[in-house]
Amino acid sequence: MSDMLLHNGWELVVGLEVHVELATKTKLFSGSPNRFGDEPNTNIDPVTLGLPGALPVLNQHAVELAMRIGIALNCTVQPSTFHRKNYFYPDMPKAYQISQYDQPLNVDGFLMLPGEVRIGVERAHLEEDTGKSTHIGGATGRIHGSEYSLIDFNRAGVPLVEIVSRPDIRTSEQARQYVTELRAILLAVGASDAKMEEGSMRVDANVSVRKPGDELGTRCEIKNVNSVRAVGRAIDYEARRQIDMLENGDRVRQETRHWDDGEGRTHTLRVKEDADDYRYFLEPDLVPLAPSAEWVQSIKDNMPPLPAARRARLSAITGASQESEAVIVIVERGQDDYIHAVVAAGGDASKALVFVQQAFADETAQPRVPAKDIATLTVMERDGKITSTQSKTLLAEIVANGGGDAVALAAAKGFEALDNSAAEKMVDDVIAAQPEAWAKYCAGEEKAMGALVGAIMKLSQGKADGKVVTAIFNARRNA
Amino acid sequence: MASLPTTAADIAAAVSSGTVTASEVLEKHLAAIAARETDVHAFNLITADAARQHAARIDADVADGKPVGALAGVPLALKDNMCTRGIETTCSSRILEGWKPPYDATVVQRLRDAGAIMVGKTNLDEFAMGSSTENSAFGPTKNPLDLSRVPGGSSGGSAAAVAAGFSAVSLGSDTGGSIRQPAALCGVVGVKPTYGLVSRYGLVAFASSLDQIGPFATTVHDAALVTEVIAGHDLMDSTSIPQPAPNLRSAVGQGVARMRIGRVTDLPGGAEPEVMKRLDDAFEALAAAGAEIVDVTLPSIEYALTAYYLIAPAEASSNLARYDGVRYGLRAPASEVNAMYGATRAAGFGDEVKRRIMLGTYALSAGYFDAYYGKALKVRRLIADDFDRAYTQVDAIITPTSPMVAFAFGDKVEDPMAMYLCDVYTIPSNLAGHPAMSVPFGTGAHKLPVGIQIMAPALGEVPMFRVAGALESAARGLK
Amino acid sequence: MTSPTSSSSISAADVIKVARLARLDIDDAQVEHFTEQLAKVLEHFTDVDALDLSDVQPMTQAYPLANVLRQDVEQPCLDRDEVLAAAPQAQDGRFRVPTINGEA
């Protein structure tokens, strides 16, 4: 569903609320560790548990990471305050969440999608995470039908930034692009590990439909969207559900819905009620957060390059499109610096892009192979010293050994590419030996080429370059 | 025994120099407790064994020539709303009965470091909500000067402990007068420092923007000494003023020559005539000591009580939401979590606490916030502005501490508004965040003590203690 | 726009709603009792309605401080066993609560 208009002229309107856990060492308001996967209730202190008498003190690093996010999203960083959002829930230790309300730290930004699509960012504010409930008993492991719940407060108080987009998203594809690009930005600025599967990046989608030009329709908030793929699927499903209701003459009810990835559908979690009365008021245990112009500037001055700029740079050097998968993937993995290092060591840029994309797919960091070793290999292949098949073999060996001189390795294996005159001789030999295949090829049966090239490879023991050989066959046919 | 020192300053000096032992001093106070505590009921918990061990350690340190602190060997009573590691802290509430905090309040740490010896945790109005200590879940404290009367509140146990000689000094907390009013009713000195001068970390919150910890003592000098020990910046409290503790003891003897003392011409009425007579005596004494008496007006303080009884309950309704039966304290049996909350809180909180939670929840709820809480905060500003204007003309202001001397049990407990009027003179300083203290100044009706309140601008503890010292001297000559 | 006033008195329905928000079970007698007492306290607020507060900034801090921050440095944690021992009910290193039917 990537057209701007859905069937019968319905328009999709989506806004995304993304919660990201910040990559700090400690909690937002206390010194217990912000660490995923530890034994339950080991990362706890009086503040985290909401013990009587405990008081919050704001983590400076969390503020700086939040500012980096705001700046990366072109927001204005402004004086801000914290409020209490009061509600009872077992995983909410104080029975209120400390969150930024009417004066958030970052406001009025935007994020660019491919094709110059601009999605507004209303705000990106700081708040604390809750603990985790596990529902025990009953058939499904869900709340409903469970016998009791167990609470782990390790996650309680972990710093979050909630990034709220404007309802500018018009297709599920744009929503996917937004989440993907946002994730790339968060990784680039080191604000979060942004792992959707571990919950350090969580997406809620506000979905409504309308006829173009109409006022916004009633929206539903979709929760539990745990992967980029699910973002698209959940939005598509929900849009279809709402359109079907409206076309049947029903009204869409404002509610919170849960995405079930297995069933591929959303279902009602809770209906918005008047009972949602959070009694927000200014948190009296904290003081205002008003970053000075100098502080904001120093964060700006130390911002790492953002994905869009890095993709442009990589594209310029390699000749690959900014929107090509290789460029996107390499920047997401943070391996573009490595490619620049390979090129600086004299390597071939476009081959380096391909090599690094293939060889270091399992890593999200700088490869541990010396850049000059990859550079040598790219040059050998580019200059026809070895075939692409041989270079693949060498690349695998260099990666496995954490480095190695491609020239020496190729010599040791007896790898060498055939020079053109030798290749031309072999082509003529094969044409003579396989007249039927040659005739078919000349008659326009492109499939016959496979047999001819195969014969050359056998004859050359793999030393022939497939591309070169194909070119010679073509030249013979056209002659 | 008769030769043992009685004031904290004398005890610390004698213990440090080895002329008396901390153990001797402690036994004298434990003997006083044994003789009268059954009648007075100042304590929720007496920690005699731990106190004896602590005293023995201090005596050993003195014998070894090791340095001991400014309060070495001084018996201390602690209001039972300050966290003491491993020692029951109840706030005189069923909901926290039996709870042993896993951490110490900052003031507790500082007092221990100074060598003070805790003899017990004192009774209070549940969660510090009240002015008579009748709201304790564990029964009222009686005024040691007349057992048929209240000691005031909410820090009634701490005031009574000092008045009865159970401890040389004690700590209370003051949200709307909870140190000063019981000090006045029990005939001792009580200090509410500037908001932020003493760390609130580990003080079980009632109303966060108003709560301050302060001492009770039999002399102004002792009150200055304890304030110096507990004051000063604490990283664990975001509202702690980043300044060292002021030198207050030297202020006590400085006199009031050329000081300008304010007389509030539009002071709310309703005080007992004998109380107002003592206020006149106080002005006379200060004038005789060389102060200039200047008339000031505080037109908005007639609204202080009204504003306070919205702001304090609003904050309290949020602060007390954490008592939910999940992590500590009481839990009422129920098969569903919301039912558990409702039953637990109904069983655990007393009537006055429930009343304030209800009032505060109402004042913050959707549709009422602007009409009540929002307006109360504006009134708070008007009151602070009144004080700012007055303090351009005067260095300190004196008023009665309480409109009445100690009253009989049951007199006001059925009528919340009558009880709230006890705090009419003390509340304005809490709203403004200013320091204020009560000094005994003669007697009123029934020969019961009258307290004079001294108020000063933020961080005006030095001029406040100068006036207090002068009143203390003058009080010796009163008939 | 006129500013809301507090002249309308609190009703029993308000009290029931507030008790629910505050998770405080109250019986019918208490509803009546609280309605009466809260009304008495709120009555005093009508005095405030007479004040012109339109140009007054709400006072939200007792002492003006800003930007109070701590370093991102790990501090010792509480002992889990000590903490869970104080809990009404614990199981498998976690706090146990009855089933959650009402949603937050």
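The letters A, B and C name the chains in turn, as written, and every chain counts its residues from 1.
Everything that follows uses one rule, which is that a residue touches a chain if its C-beta (ideal position, glycine included) is under 8 Å from a C-beta of that chain, and two chains touch if they have at least 3 such contacts.
Quantities reported herein were computed from a predicted structural model and do not represent experimental measurements.
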Query raised in the report: Between B-C and A-B, which chain pair is linked by more C-beta pairs in contact?
Result: B-C
Requested in this report: Could you pull out the chain whose C-alpha mean position is farthest off from that of chain C?
Outcome: A
Report task. Express in whole angstrom the distance between the two chain centres, defined as the mean CA positions of chain A and chain C. Result -> 40
Query raised in the report: Taking each chain's centre as the mean of its CA atoms, how far is chain B from chain C in angstrom?
Result: 24
Query raised in the report: Hey, how far is the Cα centre of chain A from the one of chain B, in Å?
Result: 56
**Report entry** Residues within chain A bordering two or more other chains
**Finding:** 46, 49, 57-58, 88, 90, 149, 151, 277, 279, 284, 286-287
**Report entry** Multi-partner residues of chain C (at least 2 other chains)
**Finding:** 21, 23, 60-61, 65, 68, 70, 78, 83, 95, 97-101
Query raised in the report: Which parts of chain B, given as residue numbers and ranges, touch two or more other chains?
Result: 99, 102-103, 209, 235, 238-239, 317, 321, 324, 326-328, 337-338, 341, 361, 365
Report task. Please name which positions on chain A make contact with chain B in the complex. Result -> 46, 49-58, 84, 86, 88, 90, 93-96, 149, 151, 274, 277, 279-281, 284-287
Query - Residue numbers on chain C that touch chain B, as the complex places them - result: 3-6, 10, 14-15, 17-19, 21-26, 34, 37-38, 40-42, 44-45, 47-49, 51, 53, 56-63, 65, 68, 70, 78-79, 82-83, 86-89, 95, 97-102
Report summary line: Listed in rising order, the residues of chain A that touch chain C in the complex are 24-26, 30-33, 39-46, 49, 57-63, 87-90, 92, 133-135, 137, 143-144, 146-153, 269-270, 275, 277, 279, 282, 284, 286-291
Report task. Sort out for me which residues of chain C touch chain A in the complex. Result -> 20-21, 23, 60-61, 65-78, 80, 83-84, 91-101, 103-104
Requested in this report: Spell out the part of chain B that touches chain A in their complex, as residue ranges.
Outcome: 82-83, 89, 91, 96, 99, 101-103, 105, 200-205, 207-209, 235-239, 314-315, 317-318, 321-322, 324, 326-328, 337-338, 341, 361, 364-366, 369, 373
